[in-house]
Amino acid sequence: MLPKEGQFRDPSGCAVTGVIDRSGRGMTGEGMIEAISVMHDRSNGLGGGFAGYGIYPHYKDFYAFHLFYDKKEAQEGAEAFIRRHFEIVYSSEIQTRKLPSVTDEPLIFRYFLAPLPQKLANSHLDEREYVARCVNRINAEIAGAYVFSSGKNMGIFKGVGYPEDIGRFYRLEEYEGYAWTCHGRYPTNTPGWWGGAHPFGLLDFSVVHNGEISSYDANRRYIEMFGYKCTLQTDTEVITYIIDYLVRRRGLTLEETAHVLAASFWSTIADKGEEAKEQETLLRRMFPSLLVTGPFSIILGYTGGLMALGDRLKLRSMVCAEKGDRAYISSEESAIRKIEPNLDRVWSPAGGEAVVFELYGKGGLAR
Amino acid sequence: MKRIYVNEKWCLGCHLCEYECAFANSGLTDMVKALKGKTIHPKIRVEDSGEVHFAVNCRHCKDAICVQSCISGALSKGEDGVVRIDQNKCVGCLTCVLVCPYGAVMPAPSGHAAMKCQLCTDNLCGEPNCVKHCPNNAIVYEER
Amino acid sequence: MKYVIIGNSAAGIACVEGIRSVDADGEITIISDEPFAAYGRPLISYYLLGATDRHRMLYRPADFYEKNKVRALLGVRAEKIDAAAQKVVLRGGEEIPYDKLLVATGSRPFEPPMEGIGGVKNKFNFMTLQDALSLEKVLSKRKNVLIIGAGLIGLKCLEGILERVKSVSVVDMAGRILPSILDDAGAAVVRRELEGKGAKFYLSDSVAKFEGNTAHLKSGKEIPFDILVVAVGVRPNTELVKDAGGEVSRGIVTDEKQQTSLQNVYAAGDCAESFDITSGVRKVLALLPNAYRQGYTAGVNMAGGEAAFANAMPLNAIGFFGSHVLTAGTYEGESFVQAEGNVYRKFFCKDGVLKGFILVNSPERAGIYTSLVRNKTPLSEVDFKSLEGAPNLAAFPQAARERMLAREV
Amino acid sequence: MNMYIQPEYEVIRNSDKCIACRVCERQCANLVHSFDSETGKMKADDSKCVNCHRCVCLCPTHALKIVKSDDTYKINANWDNQTINEVYKQANTGGVLLSSMGNPKPYPVYWDRMLVNASQVTNPPIDPLREPMETQLYLGKRAAKIERDEQGKLKNTLAPQLKLKVPVLFSAMSYGSISYNAHESLARAAEELGTYYNTGEGGLHKDFYKYGKNTIVQVASGRFGVFKDYLESAAAIEIKMGQGAKPGIGGHLPGAKISADVSETRMIPQGVDAISPAPHHDIYSIEDLRQLVYSLKEATEYKKPVIVKIAAVHNAAAIASGIARSGADIIAIDGYRGGTGAAPTRIRDNVGIPIELALAQIDQRLRDEGIRDEVSILVGGSIRSSADVIKAIALGADACYIGTAALLALGCHLCRSCHEGKCNWGIATQRPDLVKRLNPDIGYKRLVNLVTAWNHEIQEMMGGMGINSIEALRGNRLMLRGIGLTDTELNLLGIKYAGESM
């Protein structure tokens, strides 16, 4: 049997797409399913997934954990752990639809959680750090259990199969959110483990990514200094950790984070204005090991917004578009046109240029 | 014009330039064949005086007194600035030897003419072979 | 601008080159009574020797006149300068106007009065190509030659013809050969070499009279000969300038720009005087290098440029059968001699500078000595002990060497 | 009685080619060659030859070669010729054997047992001729607080760093051990390349203060030439605790090499042996080092990074951890194959560990402790090519020191006779007639050529890996695979075996 993600490094080619309604109006998952189906050939049936934001309005104050269980015993172990650290507000198996093209699914459960106040206080940790560590522990220590979504009022849905099938499998047309991202995967040496599909999430961050980065081990060995454990050995995972580290833990803005991840070339920086030169040079001097090289285009989802970012050489395609309140990001323009033929504006961001779309007036992460 | 200049500070007194000159002007492509067992008559000469070493060859003066003094018209200054001697015209009077302040024109071994450095424009090298083979840039060929 | 040059030898040609260095277009006319393109005048002996030929002895390439846009009136004698009208009158009356005129008329052989010389057959001078060509016609292995004069001209003639005739005898009033440039000891070395080749010398003697082709010497000796070459000396051709009212001493007097006392008239070459910086005396320095530099200087000035020739000095390079005599400067002051075998070296120092030297069979790098003389380099600034042994640049201070070898010169 | 020892090398002259120009004779400071005027031929005295190849290189007809003598004692796998001869030498003299340059023994070279990755299909190689390929980097502490001004702009809270345009620096070689012209060559090359050279413990010649912004000044146990201006002139200060060629011992510059100029520069008497002690006598433990680090920082107003250089020894990782917590900005590690101007042969050949292993362990240890950003890591000790640089950086180094390779570029032929002071190439000598053989105009250009060529190669290899910044290669061990290594070695290096997938 082939080893699963985490036991080897797993690069893959992919399709990514995302949409946000900046006025906060809800959209069902149907649009994403339609969009990604256009890019069918960018996936190979070995992984697909979605992230939806604003989909749990009734439980928006609780951490929504999505877990895969390989077996019943794993569920018991994981739930015991969860109970030791959280109050379970509500839990259930996630409703799915049987499809001939989606097979070998694990047990898939959802929990809405609040950290146990005493435990949290005893840990001397910030609440989100507490949650993140719990997620890491379940994933690292409980064999057969895997938390694949852990943010508030958002959820990741993923599995082995073509993304449009995965979307139907999870009945995403029944969910409504203000933002969605989607990923179709073309891994080159995966056995197809459900946990290895994308998006990858940590708390409310979700990342979908297309490409294969060459800086992986430099990034990984650096970020692991700060308590992260790159158990999946995927680009998406390490990029998510980098973003989490820089944004959540070091307090950088998304724009600054982009200048670290996809830093301008020194020669480009030299031609910039004094202030930009100074700030970007400083960021490169402080975080050189978090520069990500090689091809990537990512869509970062977070509470209140989406960010598109491509590598500084623009080795992967990435298109952005706007229509009214809605903004779109995709590997290919066709996927956007499929769901919105009449766009106000379509453009390709430059390599290393972060494009951020946020809910109006909600004060997201961008500065 | 490009000329040969001497950096006395870097001359090691190895005398390679003399041998490279003799070889360049031998008309042969095999140095051993050209020089083995022969007394060489280079157009560049190294002076050794204690720790001081330097090579001397024609300076290709702007107002070349050798050209002005030549009784036969054998010496001339080309449009390229190179002072040349037509050995066929030269009768070997050595007036040029008498007037060259650098001692850089010398009697040819034949005894019937004078000879001097022509910056290897008169052989197959094209550029001064002495400079090319100087191991320490003690002689350089450049515009100044 | 109209330039006229009388004389088609070194000074005249140099004048053309001097003019053309400044003025590419002015009209240049050369007038010469010799019917030849310019040739290296001192090469006539080499011509007889077979060391050169008519073609190779051309002083400049065959296209020189054309390239330099020179009208050459050859075989035409200039009779008169009309300085006021600024024209030259040719034999036959033609007049050539000039804006600037160079007189480079050279010199002519001097022939002292000698009894019976009128009856000598096959008498020659040895100044011009024509002299050499005429002489060549009568040379043969059966002929005995008598040369009067053991100076530079006489002895070069000797070298040129010695192998082509039965015998050559040389008579000179002086007690040594090459009396003007060698001392007794140096002359003895050269004389030995020439005698080794078969030349016969009658020194401190002179011809009392000729009876047909027999010379009777003052000493009583008799020399029968077939060919006589008179090489006693030369006289500068100064008459054109003198008759036009220009200042003439032994030669035509000029300033450092080679201008004569006549407006727009310059003089150069063997007809003109120079100021010998080694002796401090104005004299005719009948030497080709001198002629060239005078002519060139004149040419530049005639064309409106700026040039001065201010460091004339005696310089002689003369060779016989592979041996070489190089001399320079004036033989004044303390002397240092090195003599070994056929090498003879003598240096003259005065007032802390090298004034002159004689090098017999030691020509290598002699120019380094010449430059010491010409530049009046204080001997205290160089290692003269080392220089006496052999000319070298290591004897100079490092800074001087840097100027010589590491900069454009 | 002195035992006769057959010369190790023989000078072979092809008499058909020799034109008796005597260049060999004029160029040999060891007086090997001579001209026999009776026969008109050149002769050679093999016993004086150190095999520096000066004559071979300058012979215009290439008539010379130096060969290993085939004279041998009875073949013995245990007692080889050299071992036996060394016994004879010591029995003859009673002295410690001296040698120079790096450890020549056939220990494994781990650089040669690591292979580099390249991109195929799943991600693209990058063509350095078409795209920017960054080899510029900064050395020093990177750990810094995020602070913002009133406008929200990030404040520069970084400690001083060194900017390098290439990931290569010239390692410490003192004026005294090498010549003025060698130093000038290094200084000028560093300036042109946008990198640094290192004074070693020989002080800084007054002529070279003008290269200060490209100079790392060393403070070693002898404290030679250390004073205010020296520290202030430099871009960085290196405390030398140890040297790869001779861990655990000090230095010894023979009096013969202490010329007037060297004496002035080192601030020591002329002609008297210069001894640097084995330890710094003010550093007997790690907390003493911290004091020296901060003394030097105080003295230079915290404007310059401080480097601490150690020899790669068994406990290097723990020592490095201590140094990273000492306030030092950069750790330099010198492997056991690093060069020296003079070392006891036994120490050079038997003490220390390979730089590859030390580097891998130190980098990992600092990461495990979460303090890798406290220091940059410089490695040296036989970095022989751009491939070694690539591998070192992928293992975790920030940049590489080169010493021997730089000397080779200057003409050194590794005859390992530096300690004799008669370097025919004008490098490891103070004899004016020999020093002038190294024209810095040539020397600096050759150094620039070498590093420029390496940089091109580094860019090519990076491009092949799809990496366009040297910073994304640092510690990127997945780009390396071992070959011919044991599991232990792979573990120490932190790399997989060739053929193992990602």
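All chains are identified by letter, namely A, B, C and D, in their written order; residue positions are counted from 1 within each chain.
Everything that follows uses one rule, which is that a contact is a pair of C-beta atoms (placed from the backbone, for glycine too) under 8 Å apart; a residue touches a chain by one contact, two chains touch by 3 or more.
Because the structure is predicted, anything quoted here is derived from the model rather than measured.
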Chain pair, B-D or A-D, that carries the greater number of C-beta contacts: A-D
Chain B-chain D separation of Cα centroids, rounded to whole Å: 43
Gap in Å, rounded to a whole number, between the CA centres of chain C and chain A: 102
Inter-centroid spacing, chain D versus chain A (mean Cα positions, whole Å): 47
Distance from chain D to chain C - Cα centre to Cα centre, in angstrom: 70
Touching two or more other chains - residues of chain B: 7
Interface hub residues of chain A, defined as touching at least two other chains: none
Junction residues of chain C, two or more chains touched: none
Those chain pairs that satisfy the touch definition: A-D, B-C, B-D
Interfacial residue positions of chain B with respect to chain C in the complex: 3, 5-8, 47-49, 52, 54, 56, 59, 61-62, 65, 68-69, 71-73, 88-89, 91-103, 105-107, 111-112, 144
In the complex, chain B residues that touch chain D: 7, 9-10, 12-16, 19-20, 23, 31-32, 35-37, 51, 133, 135-138
Sites on chain C touched by chain B in the complex: 10, 14, 40-43, 46, 51-52, 56-61, 288-289, 292-293, 296, 315-319, 322, 324, 326, 328, 363-368, 370-371, 374, 386, 391-395, 398, 401-402, 404-409
Complex contacts: residues of chain D adjacent to chain B: 16-19, 21-23, 26-27, 57-58, 60-61, 63, 432-433, 436-437, 439, 441-442
Chain D residues touching chain A - in the complex, by the definition given at the top: 119, 122-124, 126, 131-132, 134, 136-138, 142, 144, 146, 152-154, 156, 158, 161, 367, 370, 372-373, 396, 465-469, 471-479, 501-502
